[in-house]
Amino acid sequence: MLDIIYIGDQIKSPKLNTLCIKPEALIEFEGEIGNFKLQVKDDDKKLKDLKTKYIVINIDAVRENNLEDTLNLDLDLDQLDPNQDIIIIQDYEQISPAVINKEALNKAIEIKNKLSEKEVYFLYRSMRFIDDNDSLFEEARQKGIIFLQYEMGNLEFIDKDKVKYERDGLTSELQGQILTTPLLKPDQRLKRIIRLLNIESNGNEYIQSTNIYLQPSLTGKRGVYSLAGARGPNAYSEYEFEKEFTLNEIKSNLDNFEPLTENKRVVDDKKCILCYTCYRVCPHGAVQEDKENDAMKINELACYGCDGCISHCPASAISIQEKTEQKASNNLLKVLMCENSADTAYKKIDKGSFKDLDIEKIPCASSIKKEDIFKFLRKKDSRLLILGCFEDSCKHITGDGRGNRITNEIRDTLKKLDLNHNRVIFERLSPRMEEDLNGFLLKWKEGESS
Amino acid sequence: MIVAKQKKVNEVIDMLGDDFNSLLIVGCGTCVTVSLAGGEREVNSLAEILRTYYANNNRDVKIETETVKRQCDFEYIDQLENLIKENDIILSLACGIGVQHIVERHQDKIVLPGLNTSFYGATLKIGEWSERCIGCGECVLDQYFGICPIARCSKQLLNGPCGGSQNGSCEVDPDIDCAWELIYDRAVKLDKLEDLINYEPPKNWEVYRDGGPRTLIDQEYHEDRKE
Amino acid sequence: MKKIAIIGGGIAGSQTAAVLADKGYDITIVEKSDSIGGNIKDFGCKATDLCLQDNLCLVDDVFNLVNDNENINLMFNTRVNDLSGKPGCYSLGIEREGVFSSIDNLDYIVLATGYTRWSDLETGTPEVDQDERIMWASELEELIKFRKDHEQGFKLGLKQEPESAVFIQCNGSRSIQEKARYCSKICCGYSYRMARVLKHFYPEIEITMFYMDLQEAGYLQELNFQKLKENGIDYINCKPIKVYSKKDKVNIFYEDQNKGKKDSLKTDLLVLSEGVHPKEVNEDWSRLFNLQLDQYGFLYPIEAEEKTNIYLAGTIKGPKDIAFTISDSKNVAYKIINND
């Protein structure tokens, strides 16, 4: 059993038992934290089974030359013509990440040091400051590098060595050797890794990086981390720290993996039709096929208990083991509160005014089931309020969207039935919006609805 | 698989009318479960929606639900015999085949479709399906590198694109990929572009629906049955 | 189980405590005020119709964990004034409401006393006190704290509701006079979010931002000029020269660097960003715990933390945003666990 398998580039990891594989070598993948099973094809095309406790995806972004006919940022200084000025162009088409900004500043200084007689122009749209970028910027200015800020549309390439630059009505032509900063693009092999490991990615071909629960290097799947270019160009800014964090987090927990939820979610293999809906819906990659039982199964250690799979299973084959039944109530007003957002805010409120509301804590807004909601709506004049998270601050990554969507479907159905669709409302809240929650609950209780 | 979509709930209610006291909703556990239209979850949701509707409109209607593995085999329909007999109306959440199969066994019952059967398709991603086959009766995929011009070209052209495609999109609808562009790209990838030069004569449509409703007989079993 | 004292009950101390207590360590948090929470207590969610990723969602869970965990002992109104012993067996001298005592047999000590806001230090801007239209970012925070997303037409409650707002960035940062040449890292993102909140409630409001360098705020926010522009925020690259409060408007004089001449701007809401500054107590810590003060007054270890068993977490080491402070504090906890 290995501690870590790196997919992509190896990271020095003292005291840990690690192995590095190429992204294209991965053939099959299954398992959960503490026991990932990988089938890998080695260089001799032989298949090999590996087991590891953790996985770190560390695949660099690919650098692409931005414009043909211009020089690359990483060129050798000897390639430059010492008799010509230099024009460095950053952020053309795409705003460069901070790490490229840093490289460009360093290069500009290097060039100026070597060709001090020549002008070095630095055209940029945005300075991105990390570490010592600001002091580099200052140093470059002191050395006499000319910084010009441009907007797309105000910069025109006239010739191989000539650009027209316009700002505030003034036009000037610059002539010299043009260097452009590279574009960073996701490695194409990353797509396959995302698919094989079944991890959430935010659609731009990098691994999800905007959700606040996934900082600094976590993925939606427990035990799988992503670093650097696998994560996205901005992840380079704090690469050293993220690497250290990742290794320390892994080292601090190499054994005794505990489930994150109290009650196991189980799949009824007689009902399961292997449609893979749960697999596709699970934001934590906790579902996989159980080939022995001809059904899907939920990995206990990987499950975060959001219950998205339960509400989406078309065959109603998934359930919570030993679930305590909700007490039946005749109350006409019911609030479902996401435990990660609204319920945290609710804890801070003086609950005196809300004693007569039925308030139920739910693991995620995506766990609501149409069936249960209509059962509740059967009571005339009953009203339901669902409180979920904001996008990007959903612990279950995409749960807010699914919760919102199910609610909209329910409201649509109510409209079609000529029933008041405002009987069901979805609102987004964060744990720090207790003032909002208080005001909103009072209003909703009184019967006003948005 | 067969892809279907649930009928709008107000249409279902109109279709059911006022002249009944009990309803059985029957789901189908295969294709339409996978296409998220007629499985147990949908059956239960629809039942609750209808119960909510009738309760809110002061109508007393008894609604029962059941989901079988397949409605296109009599053996499964027979499992529901008593339930079907006990209820005034049967609402089938299967493809059109399931609805008709229940009718065939229960001539005296009103059996209504809860779904619009759409096409034979594949899942692209969750909640998204796309037509890939029309069941034309004579597969030509070998000649088109695995991309069907009958199902995927809006004009069912066999000898090259129509000239209306733009940037890989069909002129009928930019959301449709031009099948001929896909065929061409595959041919280039497989280095078999010259195969496309061969003229393909008109297709035999007799094996499709143009020869009337079709029956398929496996000779081996058919002989057995005759005896 | 090993015993750890954490000095400071802000997010850094609490996050470190939460991870360590979960592993079974015996934790004492020494907090000088009467509750945990620190600076972060005062910040409210900046979500408009969108999450603006201020990371506050991560915070309350941590405080709840700390309050509920039986491995964590909380000591409020307590100050640390002495240290004795050696690594693995420290004694911390403490004072609580005039009573002196000590916490003994400590295996590790974590210092997480955070930062202080520039507004708490600064004295030289009388307009801030006199004119209600000129305020620190934290004062605006107070005003928008009581917004309710579900009530239309929220008002800030000023005499005159603003038609325009100006943010001045790098206030108390990037200044040699203030001994803070560094970037505070949090204010650009903070002001950007504030500006979005104002835009949300006053869609017509004109917003201008004076900045020196625009800081990419943390891992999350891809903050750049394009983004400001998309959200209708004007930006001017300079620090204003002088601010006058006039009867109808606040006048701001600045040098337009592009045109190379003096220009002015009128507004009815001026928000001053507040840099992150080291706490004065850092000087005491440096003597007491044998730590190095950097040129600005933040702390870093002289000897390896693994040897001294004294760890630093969070903004005591320098400016950090919320997400980074949380990750850093977790990392400190992991280092202690891995060192065992």
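First chain written, first letter: the chains are A, B and C, and each begins at residue 1.
We take it that contacts are C-beta pairs under 8 Å (C-beta built on N, C-alpha and C of every residue); 3 or more make two chains touch, one makes a residue touch a chain.
Here the structure is a predicted model, which means the values were calculated and not measured.
Relative to the centroid of all protein Cα atoms, the closest per-chain Cα centroid is that of A.
Relative to the C-alpha centre of chain C, the farthest chain centre belongs to B. Chain A and chain B have Cα centroids lying 36 Å from one another.
Chain A and chain C have centres, each the mean of its CA atoms, that are 25 Å apart. Averaged C-alpha coordinates put the centre of chain B at 59 Å from the centre of chain C. Within chain A, no positions touching two or more other chains are listed. Counting partner chains per residue, chain C shows two or more touched chains at no residue at all. Only residues 8-10, 13, 29-30, 33-34, 36, 39-42, 44-45, 47-49, 51-53, 55-56, 67, 123, 125-126 of chain B touch chain A when the two sit together in their complex. Residues of chain A touching chain B in their complex: 271, 273, 275-277, 280-281, 312-316, 369-375, 377-380, 413, 416-419.
Contacts from chain C toward chain A in the complex involve residues 23, 43-45, 47, 50-51, 53, 55-61, 64, 145-151, 174, 183, 213-216, 219-220, 222, 224-226, 258-259, 323-324, 326-328, 330-331, 333-335, 337-338. Here chain A touches chain C in the complex through residues 95, 98, 125-130, 134, 137, 167-168, 209-210, 212-213, 215-216, 234-235, 237-238, 241, 244-245, 248-249, 251-252, 340-341, 344, 347, 389-393, 427-428, 430-433, 435-436, 439-440, 443, 450, going by the rule given at the top.
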